[in-house]
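Each structure below appears as structure tokens.
Two complexes are shown next, each including chain A; its partner changes from chain B in the first to chain C in the second.
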Partner chain A sequence: MRTSVFASINRVWAWLLLLFLVLPALVAIPVSLTPKRFLSMPKGDFSLRHFEKLFNSADWLSSFAQSAIIAISTALLASVLGTLCAIGLWRVSSKYSEVVRAFLLLPLIIPQIISAMALYRLWIPMGLLDSYSGLILAHTILATPMVLITVSASLANFDPKLEQASKGLGASTWTTIRRVILPSVKPGIFAGALFAFILSWDEIVVTLFISKFTVYTLPRRMWNGIRENTDPTVAAAAVVLIGITIILFSISAIAARRRAQTTSG
Partner chain B sequence: MIETPQGNLQINGLSKSFGGFRAVNNVDLEIRKGEFLTLLGPSGSGKTTLLMMIAGFLDISAGDITLDGASIADLPAEKRNFGMVFQGYALFPHMSVRDNIGYALSVRKRPTSEIKARVDGMLELVQLQDFADRKPGQLSGGQQQRVALARALCFSPPVLLLDEPLGALDKKLRVEVQEQLKDIHKRIGTTFIYVTHDQEEALSMSDRVVIMRDGAIEQVGSPYELYEHPTTKFAASFLGKSNFLQRPDGLYALRPEKIDICGVDSAGVGPIRLTGNISSVTYFGSMQRVIVNVVDGDPIEVDVDSWRNKQPLTEGMKVNLSWQKGAAVKLSRD
Partner chain C sequence: MSTLRNKLKPGWLLVLPFLALVVLFYLGPILNILMLSVTDPAPGLANYAKLGESDALARIMWTTVRICIVTTFFSVLLGYSIAYGMVHSSTQKQSLMLTLLLVSFWISILVRTFSWLMLLGNRGLINNTLLGLGIVSQPIEFMRNELGVLIGMIHYMIPYAVLPLLVNMQSLDMRVMNASRNLGASGTQTFWRIYLPLTRPGIVASSLLIFILSLGFYVTPAILGGGKVLMIAEYISVQLLVTLKWGTAAMLAALMLFGVLALLWLMSKFMKLSTVFGGSTQ
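Let's look at the complex of A and B:
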């Protein structure tokens, strides 16, 4: 009896917590459907005019495309760098490699505003300010630790005997990484790439510092939309962003479930 | 043309230290081509460390290992061409049984047709023809064990190293796999180096057994030699059971099944040597284990074949113990 009471209290708490975390973001959905021309809650009647405006505006569409290019490039670059880092640290595995790992995680720990200032100062002499490569590099620096964490987690479950088995059968270190280690940490790489994509997709702090006219990402356009005029198109863009994020996570969850089924079945 | 290695391994003064701890201490051992050699010892005796140094997964601290006269001490594991069956098998979970077995040939860039033919042969050797396309996760423990064996043998290594390969199997299956392993060894003639802590496995499968203790070799010999003529108390008690008798000229080992138990009047297989009272009888079907308290010394354990036992043995019974001359073996040390 007691345990079931506790269980139901726990369940209620869990739902409340979930609502607390999710509800503020979901406010964008009704706001995006308002028929008014300023940010407001719709009263009774709904309209898709802001979505129409979003998909017919060259500015918004270009920002979508720019954000997509930057986020995909960041995800690819961060996955390669983060995976190599994780495998390297795992193979060396000494107290020094733990120090190196802590250093590599710094971009996650340092307040983004400080990273933003540092990158701004650094990008000026390098001529990377307000360019695709500048943004992709900056986002990659922020996102690589994500991949390092997820791939390291996969490696923690990796049986080191598999590496020995591969070498004992005559495979070089590189062949072993390619044919045994990488396939085993694939889920970690995909998860890390997804986190890297999303980090870049909604990154605003660093982006504000190092881009101006040439590159105009989606979060930056939303930021300006809110600051300069209270245009509900921002809410419509937010809904699209939420939708894309949910789709990506669903794909990754389904893939993970498939993988679990094929390996255990 | 490359000369085929013959599989004659020579280990000279081999040591391995971890910090201040000597896991393997100055081991000399010759492993002959084609023999089934077992490294037997309790955990911590250094048997797995020794195997890992032979495999090339552990650097050696001192000494040398030669294969057919040439030192392999500095060769990395991937250049030694030894097959290895790991404890827990270490099969590649993302590859099919076929790809697991063919891995060594495929990393050697052999033609696909050759790999296919060779893998088919190995599948037949371990009787897994119907499981070629399964993943390791879809196989039973015994089947996984056979995949691991086929994978390690597929590239015809001169030496096969086996690290407690049957540890994860239940007892009945283990006996079955022991026979298969012995049979496969006989058919392919590869040198087998087998690590186990199970004395029955060591006795039933090996040509020679190396008993290890605290990183050093305690005694080497055929199962018969080791069982009949142990030289130390440790060897006598680790391989089989033994009673120990302290005599004026030293310590003797006496196997429980070599003792004849008889009533006070009847004669035994030899002169009556001890008299005592039965303190317990445990029935095992084919035999009974009888503990006899004797006046002078430790209780004596006697294994009695059930069929020979004409009068029922009961606790408290007064009995005579006899054994033939030479049944008790003099030990050189502890």
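Let's look at the complex of A and C:
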């Protein structure tokens, strides 16, 4: 199509919109550098005192650690459950399996407030409130559909003839899964695990309901800090979170590029 | 028949662990919530009758629907523009644009909401700049009202709107547009008469997706609304954690759930759902 004036104006507009999506988050950087004791934009002089406070605060550090434990456990559990489930549904491949797949994706699309309410209700009699196992279990239910999606996408590119070849050469079902299917869906598993990690690491709505004192995750502490709206340590934490996001994003982008190179060359 | 059974069995065994987890620990309690809406505090439809009786409830429902509609409209409009710009850029620029889109997708919602708080407040960056430049004499009220909630929500939803549109636009056959131009239609005519109708499935899918996501949105309205803009999700949390009224909360959750499921069903009529969800994670 010949480029019209309309299309070129829209291109500039699209770039502006994309900047609008990314730039606002960066305001946390100057705010975190304020020398004042309250949330404010620094005027002229900068200070790292709030980062110092963040890294010396037992509360913030324990929240970082707790979130890391919960998110890593969630990512591991979700990748195992999600991968098994994706392979299972792919092998069955019938009308029923598609219905089951749609049903299993529900935790991703049902509003989190409803999930929070339902899990809260069940966690009370089960004694899972305010515990690591309660949070990990809840986050695993919410995050496994992510792995199901990414592994299913990998399986869509997998050549079923390879499975038949493996079977034909005498390998058992289990050996075929382990030696033939799993290696070829590895990228999907990694991507899913990463998404599961981020979902748990960033989850606040369900966490607000099912945690209280013992487990106090990073989003929970951020949430409180934002609501109080005074202490600039929140801004420092936000900057650290942006940094972590960019690092994780770069790792996944580099991994994806390397994969693209190995498959094309 | 026996070969069929042999083929089916191992597959379902692999599905079982997660299926059991979802049925027992997710579907179960959700059905329990649906039950509560007609049993707590007393059996009957009293909770649902409140919808007609209580002005507060009616106002909350209306606020929620209104905010969802406006959010959907602007997110899809702006998302369309981004997606259109992306498919009409060189591959190199396109990958840079995708990076920006995904980075914004990945930044924590709490970080983003916090940033909006810093930008939009009465002493925030935007008001300070406007006051400093003498453009306004009073700080503009961006927060603790619907404007703030809408800014935060639209900003959050745009990436979700772009992805289904992008999948749709990339699948279009550009030769159709060239044919239209060669037959003498102007660029504008080609866009309105050919391109836009061809992207209708993408528009419908992304609108429904944004509407669904907005319906249950909690974080941004709670913080940027500052208690002044009450949407259903926040009202449910107040009912549960403060006033302990499970019945009312369950009724609202049931309505929201049926709304979401109805919209999902509608969405499946326009687009294969797996494309939307698959596309949103690539």
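Here is the rule we go by: the second predicted complex is superposed on the first by the 250 of 265 C-alpha atoms of A that agree within 3 Å, B and C clash if a C-alpha of one lies under 4 Å from a C-alpha of the other, contacts with A are read in each partner's own complex, and residues count from 1 in each chain.
The working rule: a residue touches a chain if its C-beta (ideal position, glycine included) is under 8 Å from a C-beta of that chain, and two chains touch if they have at least 3 such contacts.
Please read these numbers as outputs of a predicted model, since none were measured by experiment.
In the three-chain model built by superposing on chain A, chain B fits alongside chain C with no clash. In the superposition on chain A, A:255 contacts neither chain B nor chain C. Contacts of A:184 after superposition: chain B is touched, whereas chain C is not reached. When the two complexes are overlaid on their common chain A, residue A:205 makes contact with chain C while staying clear of chain B. Within the superposed three-chain model, A:69 lies out of touch with both chain B and chain C [touch as defined at top]. Legend: residue contacts after superposition of the two complexes on their common chain; A:172 is shown touching chain B, with no touch to chain C.
Taking chain B and chain C in turn and counting the residues of chain A each one touches, the greater count comes from C.
Shared-chain residue A:161: touches chain B; no touch with chain C.
Least inter-chain distance for chain B and chain C in the combined superposition, rounded to the nearest angstrom, is 7, based on C-alpha atoms.
In the complex of the two chains, the chain B residues touching chain A come out as 55-57, 76-84, 86-88, 90-94, 103-104, 107-108, 135, 137-138, 151-152, 155.
By the touch criterion stated above, chain C contacts chain A in their complex at residues 7-8, 10-19, 21-22, 25-26, 28-30, 32-33, 36, 78, 81-82, 84-86, 88-89, 97, 99-104, 106-119, 123, 125, 128, 155, 158-159, 174, 177-178, 181, 186-188, 190-191, 212, 215-219, 223, 232-233, 236-237, 240-241, 246, 249-250, 253, 256-257, 260, 264, 273-274, 277-278, 281-282.
Looking at the complex, you find that chain A touches chain C at residues 1-7, 10-11, 13-15, 17-22, 24-28, 31, 39-41, 81-82, 84-85, 87-92, 94, 97, 100-122, 137, 140-141, 144, 146, 148-150, 152-153, 173, 191, 195, 198, 201-202, 204-205, 208-209, 219, 222-223, 226-227, 229, 234-235, 238, 241-242, 245-246, 248-249, 253.
Of all the residues in chain A, the ones that touch chain B in their complex are 159, 161-162, 164-172, 175, 179-180, 183-184, 262-265.
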